[in-house]
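Next up, some structures in structure tokens.
You will see two complexes here that share subunit A, one where it goes with subunit B and one where it goes with subunit C.
Up next, the complex of A and B:
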């Protein structure tokens, strides 16, 4: 397993441990979905600080994770995309449309707390 | 040191391996970390394309030289079904596999040179190079 998932209150924090294979990413999605249901989480943070390459498969999987978790009623924030990785993503033509991103774990937690304070209804999504 | 590395592609773990080998081979070159990330991302896309469409293939990484400029050349080859319409395959958003359709056009943007040879039933060979600035 290449990602560790930590539960902090109503928030799940998944830290991706470096280069993820396709199977690792798919497994992360399953673990997060399972975790959100079991812990009744209201927020999920996916920390990709250690990811050195974000190709279209990885981006599509992250976007998928974000969409599915949202359907379960939780908010997702992707944090820690490195500047070099972000630059390559833009060149490649990748966007993470529909996903919330933040600089790092600290900012991600702040974003989630803000969103949760507003309540899911206020968001309108 | 070896100036050419051959990475057989059979599973997605080999995609990671090809990326890592490219970083190792390019180490003596004057690439910025940003450029190394661009190269690794292009390799990832192209290698993944091979696994998706052809099932297996090879990635050959080699140091290139043009006058005083050094570079890294990536040759990705498969014996898969080939590409019927190369022009369409190079368009953003065109995919026959349900992907995002960014692999070929995106990789071309990431590298300095990009050449593709393909015909139905004859596989595909992509040669791409990044030069030192």
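Up next, the complex of A and C:
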């Protein structure tokens, strides 16, 4: 397993390792989806700080995770995209449309808390 | 006074390192355009004797004319300089009718042109001097060829072709020098650093001034994205008030930078978009919906403050309110 998933209250935090194969990424998606169901999580943070190359499969998978998790009623924030990775992604047209991004874990948590405070999930608390 | 001396000194300076080069082919094409042919060389060599006879008179008239105007007088305040320049002028005058108009001749003209340019002799004076020359010679040719007016006229036309060849070369040195200056200035503009300034907690201000080319745009991207990470910025205000125009590649690059910043969780506000740049953006079909643009820097900062949740209150009002 190349990604570690931590549970912090209602939030799941997935740290992605430097190099992830397509199978690893697919596995990460399955784990996250099941994790959200099982723990009734309201937010997911995917930390990609260690990724130095983001290919189209990885970008598509991240976007897929974001969309599917949203259908399960939770929010996803992708954090830690490095400057050169970000620019390379844009040049490849991988702009992660419709996903929320933040600088790092700290900012990501802040964004989630803000969103959850005003989102419908907060009403159920 | 010192200024005039320096000018005089420059007039006598040997060699001009920045003198332009001319090729045999270029010289031939210039001659062809002026219809300067072998017959002209003949005409000119035929009047060599006349030129010799009149040289001193023409040169004296010429310098009397130059010294009667303040602008040109400033170049000849030193009598020694004047004497030396007169000698050189006479050499040139005689060279005009010596029948040797090869590459060396042209190089020499370029060198002389460069010396005048360095001495800051205005082009108008340069042209005026040539005009005076031609008129002085025309009068004397008419005198010398009273009995053969056709011959005198032919010689004068040939001389006119040659002097225009010389003028063309001299003016080129002026233009080349200006272009070098412009080139240097453009380099200087392009090397202007683009500072990334932390403006408030979580806010960066990036003022861009001057020309943006691809290289500078790339540099800007690196700096900007790097600064977002190191300053933990959430909003970046890029002020492009001082940018007159961008080409389509650079505009695209900037848009990509904005997208990349978004992936890093930061929003970019472009402030001070000029009508020309706005036009470029629209012509490019760039999706402006995703780019936050405002008219001026003040609106940009206000917008950024709003995004970050800052409220700016005037100090005096706050004191009043608290009281």
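Please note the rule applied: the second predicted complex is superposed on the first by the 120 of 125 C-alpha atoms of A that agree within 3 Å, B and C clash if a C-alpha of one lies under 4 Å from a C-alpha of the other, contacts with A are read in each partner's own complex, and residues count from 1 in each chain.
Throughout what follows, a contact is a pair of C-beta atoms (placed from the backbone, for glycine too) under 8 Å apart; a residue touches a chain by one contact, two chains touch by 3 or more.
Predicted model, so just to flag it, every value in this text is computed and none were measured.
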Superposed partners subunit B and subunit C on subunit A - clash or fit: fit
Partner chain in contact with A:52 - subunit B first, subunit C second, else both or neither: first
Touched partner set for A:96, first subunit B, second subunit C, both or neither: second
First, second, both or neither for A:40, with subunit B first and subunit C second: neither
Which of subunit B and subunit C A:87 touches, first, second, both or neither: both
Partner chain(s) touched by A:21 [first = subunit B, second = subunit C, both, neither]: first
First (subunit B), second (subunit C), both or neither touched by A:79: second
Which superposed partner A:60 touches (first subunit B, second subunit C, both, neither): first
Shortest CA-CA distance between subunit B and subunit C [superposed frame, angstrom]: 8
Subunit A positions touched by subunit B in one structure and by subunit C in the second: 83-84, 87, 89, 91
Contact footprint of subunit B on subunit A as seen in their complex: 19, 21-23, 52-57, 59-60, 83-85, 87-89, 91-94
Of all residues in subunit B, those that touch subunit A in their complex: 12-13, 15-16, 19-20, 33-34, 36-38, 40-41, 44-45, 48, 92, 99-100, 102-103, 105-107, 109-110
Of all residues in subunit A, those that touch subunit C in their complex: 78-79, 81-84, 86-87, 89-91, 95-96, 101-104, 107-108, 111
Residues of subunit C touching subunit A in the complex: 221-222, 225-226, 228-229, 232-234, 256-257, 259-266
